[in-house]
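Okay, so chain A shows up in both of these, paired with chain B first and chain C after.
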Partner chain A sequence: MTEAAGRTKSGIIVDGLSVAFHLPKGDVRALDGVSAHFPDGEITGIIGESGCGKSVLGLAILGLLPSYASAEGTIMLEGQPLEPGTARRRLGRELGLIPQNPSESLNPSRTVKAHIQEALLPLKLSGKERRERARELLSAFGFPDPDPILRAYPHELSGGMQQRVLCAVGAACSPRWILADEPTKGLDKELRAQVQETLLSLRGQGVRSMVVITHDLLLARGLCRRIAVMYGGQILETGPRVLDHPLHPYSRAFLAALPENGFQSIPGTAPGAGERFSGCPFAPRCELAKARCRRERPAAYRPEPERVVRCFEYE
Partner chain B sequence: MRPYLIRKLISLLPVLLGISLLAFVLGAMTPGNPAELALSRGGYEPTARQIAEMEEKMGLNEPRPMQYLQWAGRVLKGDLGTSYYSGNPVSRELMRRFPVTLKLAACSMALTVFLGIGLGTAAAARQGKLTDRIIGTVINIQLSLPAFWLALLMILLFAETLRWLPTSGNGGLRYMLMPSLVLSASGSAVTARLTRSALLEELGKQYCTAAMARGIGRWRLVVRNALPNAAVPVTAMLGNSLGGMLGGSIVVESVFALPGIGSYALTAVANRDYPALQGYVLLTGAVYVLSGLLADIIGMALNPRIRPEGKKV
Partner chain C sequence: MNNTVLEGRGLAKTFFGGFGGRKSRVFENVSIGLCSGETLGLMGPSGCGKSTLARILLLLVKPDKGDVFFQGRRVTGLRGKELLLFRRKVQFISQRPESFFDPRIRLGDSILEPLSFYGGRRKAEEGRERLKELLAQTKLTDELLVRYPHQVSGGEIQRLSLCRALLLKPEILILDEPTSMLDVSVQAQLLRILKELKAEHGLSYLFITHDREAAEFMCDRIQVL
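Right after this comes the complex of A and B.
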């Protein structure tokens, strides 16, 4: 593939990734030949509407797809393939997750301490070191008095506190990579600002690079240098200035549909889960679409440095 | 937790009242005259006068509600009447035999918990693999074997052929092994099945995906993360299954000749010993209700969301 050329490239490289869910009513294809490069040392945002496949991409990178899913293609982390057999040992240590829905992502019958200590297991610390590190982590994420928090159960914490606990858990082993899945989903405005700060403070814990899956463009703008736009199980555009200067017709329409940009809704309806396209997935709704767009899948074009757009406009 | 517990205790009162009413009706529906039955032990034929005196003494001429109240008052004082068959106080006979049944039930419950939760956990941890399928087959076999047949089969194998275990009777734990295995067979199968499905439901939840992202192994995920949550419905079911065990103990105690309250009830049925049956119904009913309460308390201890120290931080 064009983007994932060299094996020596650092960062996360996704190459030709397709994911299908085998459901009783038939197979549903959630990802359709996704290729992307998430460079080391950067925060990359994956944006898109609900159902575009962005969370599935996150789960696939972590190797945590449910058992009824099958995946094709390769995912490389720092030059080594992430395969189901070996990925587990790298989770937590090299690649941490900050899951979506904080209240559902913490185990209701275990204390915060149990969560953090479990996350610290790969480091093989002594009991005392583990307790120290747990306190240290909580203070780093805005709990000046960590001891009552360590003893608390998830339901005793507010949503914002749960989110910060999950950040501490994800950062426990100081992984170089963090994947944050919808970190602001369901949070109010003030908390969203707080989450952005918390995510940035991950950098103080040894985290160098992040993939942030979100539909919150404010967060994406505030946090990410690079953006990948997903639609219908594919990445249509990636690059550094996508939010200010979108090139793909879908990116333009998506941004124009935001309340602050005039609320112009995109004609037509978003593709249903697993809908398949022989051409560009956006073609049925695209004002610029030609016959060819419905027939052929656009390759990855590079109209600008670091920018990849899958649209025949840039051929 | 305390208000919850008090509410629970209050809600148990009507249940206990209902059990006592049922037990009383059982005695009141006795075909034949209880006074005559009480006197005619051992082939003796009482005269009409003796019967009339006895009726007066037993309060049988009072209206039924009054009889119930008098009877309930005696029951509260621990007087369950006199056995028609042996002539001994029913409470004393039950108390002598109850420890045997309690030991049998405790052993069976222990086996149900260990086998049921153990097999269910193993099956869930190895979902879809060979282990899971073998356990599924074992569960089906356990469920489809009638207790008395399984008991006879085990006696034939372990006692008669291999001579590892005593055939019957009461004694140390060796005597309890076969009876409690038989008694727990279907219960442990049901428990295993419920444990497996409860675990699989928990494993599909978001917090388990998040736990997997910590790089932990499958067993740690299943046992440390999912099991404490899956244990809540399993405990509730185990509490209810104790009632089934008390019922099942009737068969098991008679096959293995254990002098517990199950075989006592069976003898009572055979001899139309209504006071003895009344006592049995009252005792097992109370035990059933209390075991449900115990399961509730354990369930609460497992669920921090309703634990007493649930304060906001």
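Right after this comes the complex of A and C.
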């Protein structure tokens, strides 16, 4: 049993999860033995570069992997195994999704009202109750006059408004868990702050816990108590205070690229899709890497309480 | 300023459209001047007209009022060969580079295609040699050239779009939020590459962004719209 499964049963526990996509040119392994614990009642952030497997992990939790993907390992929700079929049945009521790219995630030919009312279907409300709940939701997400918004089509709304509509759709059935995938991608600073506020306000809508997938470190810092750092299909570091006190060499290098640290880029290039490693995936770009790092996969070490780091530096 | 290379004077633009033909005034009486060798930052919130201003300066959108000047010469309404020459000197890098590459054409062919407008097959052959240098300068390998746009990452395709623009030996690059869709680490790498390329090729940049830190890192001057 790995470090994730050994802990408390509350929350989402991912244990030894590997996901491969079967493509015509061969298999591409997107996740490679991922183990993580997303505790109940907390907002956990998953950060990492594009292509590191963050969104695939999110899709696997929600049971939304495409048919050409295969998964090994287990995902547990509140002590119950979360199989793809059962996860899909729980979508909406227990697990909510706020997808990335609001402009592409909303159907351009349907009004906001149609989007929200569809999301409310699992609650089996009457037409009048659904309309009332849609109004309530939009008011809760910062639309003081919801009626014109309900009639609007997605292209009539700004990026920030579309994002708030998606939050309303995700929170429609007051799920206990919300998974938000890159909620601030491509937005300006003002809109990013707006989205952060909106996500925080979800907790007032019955949402207890959240997993926020992002490469926006400011959002992660403002929102999440616990952070998981992903690279090359693996989680290299998890725990609280990761952004203030990173331990893994990759976490340190990733944070050094922040503007306040002078835009220091990481030498080398990120691993290609599906690239496999016998050792640490960051070893080819790590300044501290030794021969052992390329050969052997580091175990999960615990240098501090609640911190898990996969680096031989902490053996 | 006497060494202004690209200038917009008294520009105004209004779009008509949407339901009921609504009028949307983007900006009015805006002037901007990019000096030789400088990086001018153009900042402002989403929807303030930064990208429209860039398109007017690129002669892709016609202004309702005002004129565009390149190296002191009025270029508004330029056509034919002269417009082609202007386009070679003033190149554009977009926020979404993937939409500027044909998804059915290999990246190498897409990158070399603009050269054929400026001298045919012979130029394209010369271009292949120059492309190798540019790939090295942008920290890429030529293995990417045989791939299709969907087979490379966001940072790689943005650097490939830089290679395509630089193949034409431009004097000015208009960069429209080139890093807003990228991760922090890829953003840092691209900004540093842009600085190196500017010094190496003697370029002037109009750097459009909503990111204050990126603007401070890159720009000599900042104009807020």
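Here, the second predicted complex is superposed on the first by the 311 of 315 C-alpha atoms of A that agree within 3 Å, B and C clash if a C-alpha of one lies under 4 Å from a C-alpha of the other, contacts with A are read in each partner's own complex, and residues count from 1 in each chain.
To be clear about the criterion, contacts are C-beta pairs under 8 Å (C-beta built on N, C-alpha and C of every residue); 3 or more make two chains touch, one makes a residue touch a chain.
The shown structure was predicted, so the numbers you read here are calculated from the model rather than taken from an experiment.
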item	value
Partner with the higher number of touched chain A residues, chain C or chain B	B
Contacts of A:91 with chain B and chain C, given as first, second, both or neither	first
Chain B versus chain C as contact partner of A:187, first or second or both or neither	second
Partner chain(s) touched by A:257 [first = chain B, second = chain C, both, neither]	second
Contacts of A:245 with chain B and chain C, given as first, second, both or neither	neither
Chain B versus chain C as contact partner of A:152, first or second or both or neither	first
Contacts on chain A seen with chain B and repeated with chain C across the two complexes	156
Of chain C, residues touching chain A in the complex	18-19, 45-47, 95, 139, 153-155, 180-189, 191-192, 210-214, 217
Partner chain C, residues of chain A touching it in the complex	48-51, 156, 158-159, 185-191, 215, 217, 253-254, 257-260, 262-266, 269-270
Chain B contact footprint on chain A (complex, rising order)	59, 62, 64, 66-67, 88-93, 96-97, 99-101, 104-110, 118-119, 121-122, 148-149, 152-153, 155-157, 161, 166, 169-170, 172
Residues of chain B that touch chain A when the two form their complex	127-128, 204-207, 209-217, 220, 224-225, 228-229, 302-305, 310-313
